[in-house]
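Dropping a structure here in structure tokens format, bear with me for questions.
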Amino acid sequence: MSAWQLYALSGLAWFGVGMWGLFAHAHWVRKILAVNVAGSGLFLVLAALARRATTPAPDPVPHALVLTGIVVGISATALALSVARRLAEVEATARLDEDATHEPAAPPAGADARAGGDAAPPPAGGGAPP
Amino acid sequence: MSAGLAIDAALALVLPVLAWAVVATPDLRKAIVLFMALGLVAALAWARLAAPDIALVEAAIGTGVTGALLMSCVPWAESLTPASRRARADLALAGALAVVACLGWAIRALPEAGPGLTPAVLGALEVSGVEHPVTAVLLNYRSYDTLLEIVVLVAAAIGIDAVLPDDDARRRLAPPARSLVGVLSHLLVPGAVLVAGFLVWKGAHAPGGAFQAGAVLAAGGILLLFARRLRPVPFAARALRGALLAGPLLFLGVAVAPLVRGGRLLELPVAWAGVLILAIETVLVVTIAIVLLMFFPARVLASSRAPAATVEDPP
Amino acid sequence: MTADLLPLWVLLSSLVASVAIFGLSERRVATRTAINLVAAVVKLALVAVMLWGVYQGARYEVRVAFVPGADLLLRSDPLSLLFISLSAVLWLATTIYAVGYLEGAPDRSRFFGFFSLCVASTMGIALAGNLLTFFLFYELLTLSTYPLVVHRGTAASLAAGDRYLAYTLLGGGLLLVGVAWLHATAGGLEFTVGGALPPPGDAAPSYVACFALLVAGLGVKAALVPLHGWLPVAMVAPAPVSALLHAVAVVKAGAFGIARVIYDVYGVRLADTLGLLRPLAAVAATTIVYGSLRALTQDDLKRRLASSTVSQLSYIVLGVATFGQIATVGGLVHLVHQGLMKIVMFFCAGNLADELELHRVSELDGVGRRMPLTMAAFTVAALGMIGLPPVAGFVTKWYLGAGALDAGAPWVVGVLLTSSLLNAAYFLPIVYRAWFGVRREAWPPPAGRLEVRPTLLGPTVVVAALALAAGVFAATELSPLRWVELIAAQEYGP
Amino acid sequence: MTEPAWVAGVVVIPLVGALIAVLAGRRAAPIAVVTAVGAAVAAAALVRQIARDGVVEHAVGGWAAPLGIALRADGLSALFVAAVAVVGTAAIVYALAHPGTPHRFHAAWLLGWAGLAALAVSADAFNLYVALELLTLAGATLVALASEAAALRAALRYILLALAGSLAYLFGVVLLYAAHATLELSALGAAVTPGPVTAVAIAAMVAGLALKSALFPLHGWLPPAYAGAPAASAVVLAGLLGKASFLVLVRLWFEVVPPSLRPDAGLLLGVLGAAGALWGAVLALRQTRLRRLLAYSSVGQLGYLFLVFPLGTGPALAGAVYLVLAHAAAKAALFMAAGSIERACGSDELGALRGLAPRMPLTFLTIGLAGLTLMGLPPSGGFVAKWLLLGASLETGQWWWAIVLVVGGFLAAAYVFRVLRLAFLPAAGAAAIARAPRGAELPALALALVSLGLGLAAAPPLALLGAGP
């Protein structure tokens, strides 16, 4: 059981835990966290396999692949979290509408109705895109 | 040697357990802190595996920036309706175990020593314009991957701007108040800029390069953002977009130049390879730093200011 | 040289017309009628040139590379000319009729666009040189006739459209599997006189299965018994659609397809040795009798004519499915005769409905006095259908009977006799009511000089004359009968 | 001057265009049009070059494989790049004419275009991973441009499942690299020997790609994403982005997977594909909104593509690729039509379509022509694909796939005519119809005619795929 196999199997277990988390959790942010965990696990496996090289220094190509993988991983994570935040806002406005429709109080302060956003902004009342 | 093996065994054991802790902890805040801890412990493993480049990038981006990003989601995370009614934990467990078993079987079946591409990389190193093999792979042999990767970063930037446009959320940012983070930023930010410069320069002949430098620079920037010393520049500002796209456009320019003379895409002339790589890396540092900073748009900062602020205040 | 592209020109004449008419706005009535008539006349001229060329022994062929193993092939041979000339003549008559019948109706651009597309696909079916091209135009026919069936947009017409689609797409699916299977077992199948299939060897069972699939697929449009359900229901469509579709285009495509499969794919000898003809003849016979019995019970005139079509079509299939040169002649010539006679009847039904709002047989008492010419044409066609000389129908039944005896299948003669009696049973009452029926209140006077608009009356009378001529001058050189004998002689070869 | 390296140009032009479009911000539209024209010219040149010289190789950076990344363009990549150019250009024209399109659509779509081109011409396993990730991000952005919660949830699910799929694919790449020290596909194909490493690696890669291409039963994310996204986004998502993972799977299957592994794995993929084809069509039949109907139809049509795996190479591969091309044009046209209808009468409820034909004749003609491809009826491109797949299934004796194709065709006919027959019904009320801009109807009709043209002029593209007559 050489060192690289130890790390490779450890990375594999780490990857398995991440994948379990992705499909087991129902909460969006927990899923995104789990995917990050799985990604790091996979990168450990890749680096461990690079260590099998007979030369003193490990094989540099997997290292470059891991670097690219990490950067791609964080880009996807950042986008996912932004979409999740946008979803939270839209759901919050929807929840406010339900409250508004029950008691006909003044419409919720649309102080911050997203004027600038030309992406079909949800007017304070929500509803179909214009 | 057995001491080394002992350390490896310990690390190999700790990492999956820590990963399980991160994923299984019910409280989101705790999970994120554990996630950062996992990243730091992993840095040890990278060191043991003689992968300093990865250790740097994983610590800076994988743990630092991602951790900060996740932490900024905590205030509104609870209000999100879950994705699916019933979490299929048991089914997922069975699936994960099966996948791990198969992959483990394959890993054990791998030959003990695999030469990999080390001889090829080292053989062509003198012609690559840099001494450090990983940088050679990243910015010469497989520079096409890096080019696409930068475009992926730009895609993420566009996506975030499209999903969370920073209209007038910046107005609601609080004025810079004296806070611990403020003081801390005075000390750390100059250091971050220095380290970033050093990493870029070192990249040519030692572990370092654009990604590590970009991440460290961004870390400094994030500190300033949270300390309200730096007002997030709206994506609509042409200056920001210019700075963001300088890196990729220069990279593309260097890539296309040989095509005009009938050469091949991204074929760096041997004499100029070193200089070109350094130039590309320097400009990429700016791009990476900006994109990483854009992961914290004004709306995220605005709503996370008031600790008790739930999402009730309309967007 | 351009003469070689004749089949393509014939096809394009109605395709171009269709596209042009689709582009026209609803108000441009004059231009639309002009395009329609010019296209019909041009097509008739082209067909005449091609007819004369093929008669001299020339063969026109247009080949376009398509998929591995099969090309898009348009080829003119005597059998295709038979179907094309019938379609060209009747399309001209029906266009004139339709222009008159639909005066002031909505959505005429859409109607005439699909109308021309439908004839273009009929031309394609006739000219197809291999099974794949045949299938391509066969499905195009389904797609271009559906909008005509649902043209009125009423709930009834849409229901009829749904049923029509269900049947025809099912048939299309079966045909596709049959063609693909045959293509897989025996390679690209170009129609060749005397059969294109190599000797079956051990593949005989798949040959039989393919034949069953092909005939089932084609049987839907040829309205063989279990698959004929769509035809009476599709009578909801306007009269010109019923006339063209159910006398010429759709139904004949099925019968023509069966003839192609038997003669130019399997070859009549191989089909006989594989024992495929006898069951087909049996199905045809049951359809003939069943169609006639159904017609007896229909009071609605168009439904009665539709059931009669179901029965008449199977004469063609019966003739083709009886091994013998004379029976083949009988079968194929009925392709033309039935077209001529049945379209006249649909025209008459259209006239009655358009002029006097008469739809049911029971309302036809004494209509002969009000619309003498229309009812005279109807009588000629009815006598032909029953099989009385000198109208064309007699020629068919004579050859079918003689062919059956020659092929040693006397029971076929029995079927012909019973069906002729049944024909008489459901046609003669109409003729009797029209001429000898007593009508208490007076008929509303005709608007113009003639009993019905000239554009409706003209085609009715002309085609009735043609049906009569096809019977009387059957022995002359250029009659349909002589042409069919030329085809049959080739098919049975030395 | 030697022939310019079009195989690189096809990727670089959309890349440059995308970056400049980002720079231009709100005024991205004209840049998108110029880029589309440039990329279309490059695609045409690539097709001509490959028709003349056959497969074109290009070692990026001057480094030969295994060290460097190899670009390789064969018939399949040339045709897909051409399809991306045709549908992409039409989508941009549609986006300009369709008032509801957010201005960020152009930058996001051009990035997707670059990703598709990079994917089509790449012959390096890890490079394909990066291209797939670029597509995931571009695709997710395109979906997330909408503002309804359903679309945003779909975008999230799309990203997460795509990430899971990419990780699985990457794990396979890692294992193969560890075993054979090369990432170049054909070198891997030569080096790969049946054994545990190969089996598990291939299984992981195939599973990942199947998940990303929404193979049944992993298709849940697709319908809400296509139905919720803005109209122009749905066009490029359904038309092009949805097929990227399948193309990588095809390249993997026919260049790397050892023939001994193909029969049983192929059967599994075929069965899942067939189930998806029938399930997608049945669900499409039960939808009451046009875009959801089209989305489920996409799930169904994808099922047919997966029949290529049990059927093997030759005509079956040509058939599947041809279906990719024809379906790209037809489905893009249909989503454009759906967008125009939604714009004209406020909602894409099927009921709202009653009697719409007289007011929007071009849109209904588009639905009719494009519907031919879905039904696989001649004279459409879909029929040619169905014919090739049918022939392959009968020639290899696997007649059950033929039944799936034919029954699927009936179901498709059912849901296409369910929409078309509404055109013949008289309008329910004098619904106020804001006429859809003619500019939006023309690109849709153009694409429908392309899918028809593919049905008639089938010989040249098939020759390019090596299955010429």
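Here are a few things to note about the model shown:
Which chain is which? They are A, B, C and D, in the order written, and residues in each are numbered from 1.
Simple rule for what comes next: a contact is a pair of C-beta atoms (placed from the backbone, for glycine too) under 8 Å apart; a residue touches a chain by one contact, two chains touch by 3 or more.
Note that the coordinates shown come from a computational prediction; the quantities given were computed from them, not determined experimentally.
The set of chains in contact with chain A as well as chain D comprises B.
No other pair of chains shares as many C-beta contacts as A-B.
Nearest to the common centre of all protein CA atoms is the CA centroid of chain D.
For this pair, chain B with chain C, the centres built from the Cα atoms lie 73 Å apart. Note: centroid distance chain B to chain D, computed from Cα atoms, is 31 Å. Between chain A and chain C, the centres computed from C-alpha atoms are 65 Å apart. Spacing of chain C relative to chain D, judged by their CA centroids, is 43 angstrom.
Residue positions of chain A touching 2 or more other chains: 15, 19, 22-23, 28, 31-32, 45, 49, 52, 61-62, 65, 68, 72, 75-76, 79, 83-84, 86-87, 91, 119.
Contacts with at least two other chains are made by residues 83, 103, 107, 110-111, 114-117, 121, 141-142, 145, 149, 152, 155-156, 159, 162-163, 236 of chain B. Looking at chain D, residues 102, 104, 126, 130, 133, 137, 140-141, 144-145, 153, 156, 171, 178 sit in touch with two or more other chains. Per the contact rule defined earlier, chains pair up in contact as A-B, A-D, B-D, C-D. Put simply, chain D touches chain B in their complex at residues 1-2, 4-5, 8-9, 12, 15-16, 18-19, 22-23, 25, 58-63, 66-69, 71, 102, 104, 107-108, 111, 114, 118, 126-127, 130-131, 133-134, 137-138, 140-141, 144-145, 153, 156-157, 171, 175, 178-179, 181-182, 195-197, 199-201, 203-204. Against chain D, the residues of chain A that register as touching in their complex are 15, 19, 22-23, 28, 31-32, 35, 38-39, 42, 45-46, 49, 52, 61-62, 65, 68-69, 72, 75-76, 79-80, 83-84, 86-87, 90-91, 94, 118-122, 128-130. Those residues of chain D that touch chain C in the complex are listed here as 315, 318, 355, 358, 365, 372, 377-379, 383-384, 386-388, 390-391, 394-395, 402, 406, 409-410, 413, 417, 421, 424-426, 456, 458-459, 462, 467-469. Every residue of chain C that touches chain D in the complex is listed here, in rising order: 22, 64-72, 107, 132, 135-137, 139-140, 142-143, 146-147, 150-151, 153, 157-158, 161-162, 165, 169-170, 172-173, 176-177, 180-181, 183-185. Against chain B, in their complex, chain A makes its touches with residues 2-34, 36-37, 40-41, 43-45, 47-55, 57-68, 70-79, 81-89, 91-93, 96, 108-112, 114-117, 119, 124.
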